[in-house]
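Pasting the structures in now, so scroll down.
Each of the next two complexes has subunit A plus one other chain: subunit B in the first, subunit C in the second.
For the complex of A and B:
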């Protein structure tokens, strides 16, 4: 009782989690991916990170996040996306900080676009080289640049679809588990019905109907169909905890259902629910890759790891189109699974060592 | 005499047993089936009985933590079962509960501060500073310090946790507290401390207790009046002293024979009851105790024994009623007669 620091549940769980090297490596890998996704235009691109042009500072690389963020002056001055030559020709005083790799995820780099460098090789000649570390695809677009810019999609798919799935699942499961009776009957039946829907087929059907299949719609569908497992688990946890003595004590103190669910049951149910959410992120990434591989992913020019695999389908001798994106998908899915496992072991009371 | 603080009349709590696809009700577990008692302000009623006899359910039903299915509960003149919403919440401040398991009754994700503060916030009792003052006072009264506020339940021992649970009940300044086996989960050395704490608090705040326990000696120490429960019903009710000296119901005799005593003179021959407690979903006919009662007669298997009162001593037993009649109302003589009959092989 006289210890200086008093640790809550999550601090303790983090302490235990940190002791698992594989799980920690997985967290660092995901952290690395997040960094790559945020810094994508700085890592690979043909637009300067920062440049001084006609006496003013610009950051054209922001155009990779959104077209509208690219300064208008470069369109007016007819740069046509080719910065290095145009900058020098139109303003000899100008300078620029270039991305780490001068390669564009959406188009092939042309001959002499970067002073003294030939055009990207296309077809099956684009094997990995010094200028194209991971090779180029059919049309001469750099694979590394595509992968770096596709990281955002891979991460967003996981986070957003599981964010949607987690929210729906927790709300549905909590209502069913806490109120029981006909509410439980209703939510359980809905869960079972949704569980029967084959996600992949549903998405393919919707892609066929919807005129503009975007990555956001894919995420929404994965999220709206993937919550069943979370709902069932949440329901079980709520059922178990609602009859616990601390919940009864809260009721004796006069707490209402909302307070009991949010303050007493949910914090205790969250740890076991987080585990399948983590595994769900991995599953969602795989799902998006599968869709893209089948050709139903986000339409070009949006880059996605799965669509790179799809490109490889037409010519299997271009092994670099399989190996690099495939490894990226594999490692990411593995990382999320390791995080899920680490989380489970760090929070499961049965596996927890005695506290001091 | 003024009206008692708590008046429980014919309380029933049945749990439906549902079966099959359509969840049809096929029966009911009669956990509490017609329990009546009163507790005058400032006194303690002990409720004793075996595991599964319904004493915990009775305690929870009074607070409506479990919804009773019949009977009435009047607390300070108010019909507890008729209240809803805000009125019930208001009443809950005045009736508190301490649970058996101090490991299960404190939310492991909340600091002691939040645990104690919750009720105060719900009932809008004072601002932050006033709440803190109340919490510290409650902790200090239960033998803890203000340092406990910033800690989590897992940092405390069982006895300390139970003190926190008591402080949680106390901080709301209740009039009535249900103590649901508050010491059963504690080490023997800690039990005495907690019992003494409860007695002190009762004196200090004029609290009224319903003390639920299976431990006759503890109940004898803390309670003014004791009710013995068997299979959802009260079989005997009298003062604690009387119950210890002149028990009437054969079941009570059997319970006392199981209590170890250090005084050789008070050592009784052990009465071992045959069989197990019958299922409360299918209680026996007539007197519920008859399948296990060594003194059972034909009448016991047929009719439910009515209440027999003798000098403030209430008992539901045909045999005891006869004994009282034969002893012309002398409870002590009747008790001795039953004890003698029970001792026979």
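For the complex of A and C:
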């Protein structure tokens, strides 16, 4: 065997994946979304990215990630959320680096808040314009700002919920598949029971019961109910692999069950498991959008693509409330599905052969 | 005095009992498209709805009524020195009023108008609000009305939500009503005479003898006395109508036509207390004892589906969650082949149940419904084009429905009056009125409508946003950011409590938007508020149990100011915010006993002033009526309680014959 042929499984998969332009575009799109999510307060906001005030440097924009990260001095000095005017008035020496778009995802920009700029248009007058590229909603809140900040929610929902689902699914599936017998019996029954729990109803119940229904709790529920498919697939892979020669060899060498599962079987089983996880991310994003559309998403005024679509429902002539968030949801879900499909074809030897 | 004798055929009674309704269940009501919150209406016209709250709905220990032996009628007549009270026909009153009004434009012009100015609104109301001339109305017409929720029950004494009021108001029988000016009278369609004793302790009514239930049995005074007994039976789970009747000592039928109401005290509110729904005695007297829930036994289940009714309409079809169809009852207008009353204009009334306002707007544009309440957004941006005006027009008028943030005074945050005032100073009213409410609603300073008789002569000025004052008040109350985390806090019981609380609201977008605006305003002064939209039923439950820190809600003002006692009196059931002020309690007591209108007004004006100072609520706005009507409809006339909930109300609507 020559050196060129001795690529590892993952390097080989990646090589094959790269050949698929659509799948690559999807990866780049998700990369773009991650960048947008991380840089959201830099892209759109009304709080300076960085400013020098009374001799010190501050980054008030961090307040968009967590309200507690916003420097207290601005509350003490009664800025009341309006930075441009107050910075100049209270410290003429101050300077600030502003976000790319001076728009807030949670409220309408007031008249002259940014020197010389009128208040955001409200009602149905907020068509896309130079100041509001994607237009504004009925209450004058900028759609672009909402979408940029909503990206964080969309991505987090996908990654976190499937992170939880993946962990639970793999553990349960691995235990059942590896040990068989009564363990398998037990885990399979648990899986079947959880499959019967309707996620949507559970989330609606949570919203009604919990005092502060946050997006984190929603993610936890999507994660805790969405692992069944992963568990079944993992179980199948483990059942198949546990009697393979390299596992027997490991066992003969004295490796314990945990080591065998983690070190020997899991890496070989991971490829097919990743596929439903990727599709699951897409499903979770859709689920969050549906929930927000129905009014059960993250508590207001949280920015979410689905809630933008919901706003559009009351006035369909405001096409910009449908087109932009709708496209964003569509593209994101499509991207994850393409990645899933790409992974499947890059890692499944049968599909690989078929494509040759 | 326009008292009419029973020979003159009148219109149907339109007893306007339950505009008092709580908006239970559906959380929205036809007169409440924005939903007026947990319990919308302050039991407007009579002291109905506090019944729910004052009286336990489960079998109670309290006796139904105290044993009471009515004296012979001759004795009463000898001592009472009766004073005649008005017996009127709402439609005749309206016709007389319209005869004196100048018509601002022709029907053809009004139909072609777009309602884009106060002037055009006036023209539309003037021309299209007229009653029909002789044989101008199509008496075979059907009207398709819109309601946002289904009926909980078809039994009139179970009336509670606004949808029930809309429908049971047409099928139910009643002796009393009130007109556009909200002045009470006995209905000429059912009553011959109404007298009150000089001491105010008795009311005597002589009913007409040409009234029959839908099964052909005559309606008599005994039915009314029987209904009183059933309503006062603590085993019967009456949700709303018991609170007026509980102020009475008893009700006694002396013969088939004569009924006397005995009051405990000569109250100004007695006139509303005698107005309650009526059940057919011959139907319920055997079933009621067996099943006091009035809904569980097979007989009651059957009655629920096809009730025996005494009003001008009867229910002929009911598809749950979709529609309820009423048909005009011939036995209402003619008895033994003789015409005794005018028949209602519409032969059939179909109520379409549509919860979502966007769907109902599509329905009215398609001509599937003939009327609906419009939201500010719909009024301003979605009913301006030809797609709406092709089949419809719209009209607006002031209405006595106000909205507020309620602050739970027993929570650690809002016990201090200064904090509540700070909340009121923090809110951006201009932004709310202009942007969120499309400039359609009026600022509100307190619980009584500004132009009503019970409001203070010196107008109260609605609060304006003043963040400096708000911050100063919070500082004064000890809410200062001690730990430098950007949130104000205060040491309570040795623990530093940050000023962070939740506000409950239902899920209507406008309400959420108003709460979000408040959140932003408070955020600017170092107070954190979380907006928590919940289902209407959950909101009702939590507010009734006082399990909240703040909530967004609304009330429809009662016709009588006494109706808001159960919102402000210490410990009253609808006093969700736990407000307690002995002076307010005393003033309500005195107001009820004061019979002189001017002196009474002074007491309620004082209550309003005290509430303004105390700010247990942050009053936000008065919501006007905004209705879309089919161009085929005529005769809509607005009262402070909207176009339907008074006399004649719905009874004045008609369609011209083609």
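We adopt the following convention: the second predicted complex is superposed on the first by the 346 of 356 C-alpha atoms of A that agree within 3 Å, B and C clash if a C-alpha of one lies under 4 Å from a C-alpha of the other, contacts with A are read in each partner's own complex, and residues count from 1 in each chain.
Just so we're on the same page, a residue touches a chain if its C-beta (ideal position, glycine included) is under 8 Å from a C-beta of that chain, and two chains touch if they have at least 3 such contacts.
As the structure is a prediction and not an experimental result, all values here were calculated from the model.
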Exercise. Following the overlay on subunit A, give me a clash-or-fit verdict for subunit B and subunit C.
Key: fit
Self-check item: Included angle at subunit A between vectors to subunit C and subunit B, based on C-alpha centres and rounded to the nearest 10 degrees
Solution: 130
Exercise. Have a look at where A:81 lands relative to subunit B and subunit C in the superposition and call it first, second, both or neither.
Key: second
Self-check item: Per-residue contact with subunit A, leading partner among subunit C and subunit B
Solution: C
Quiz item: Of the partners subunit B and subunit C, which touch A:130 in the superposed model: first, second, both, neither?
Solution: neither
Practice problem: Give one of first, second, both or neither to describe whether A:72 is in contact with subunit B, with subunit C, with both, or with none. | Solution: second
Exercise. Kindly classify A:122 by the partners it touches after superposition: subunit B alone (first), subunit C alone (second), both, or neither?
Key: second
Self-check item: Touching partner for A:313 - first (subunit B), second (subunit C), both, neither
Solution: second
Quiz item: Who does A:264 touch here: subunit B (first), subunit C (second), both, or neither?
Solution: first
Quiz item: Of all C-alpha distances between subunit B and subunit C after superposition, which is the least, in Å?
Solution: 45
Quiz item: Once bound in the complex, which stretches of subunit A touch subunit B?
Solution: 1, 3, 6-9, 244-246, 248-255, 259, 263-264, 267-268, 355
Exercise. Give every residue of subunit B touching subunit A within the complex, in rising order.
Key: 60, 63, 65, 89, 92-93, 95-97, 99-101, 104-111, 118-119, 122-123, 147-148, 150-152, 154-156, 160, 165, 168, 172
Quiz item: What part of subunit C is in contact with subunit A in the complex they form?
Solution: 357-358, 375, 377-378, 380-382, 431, 435-436, 438, 467, 471, 481, 484-486, 502, 507, 509, 512-513, 515-517, 519-520, 523-526, 528, 530-535, 538
Quiz item: Quick one: in the complex, what on subunit A touches subunit C?
Solution: 67-68, 70, 72, 75-76, 78, 80-81, 106-108, 122-124, 138-140, 207-208, 211-213, 295, 299-301, 310-311, 313-315, 317
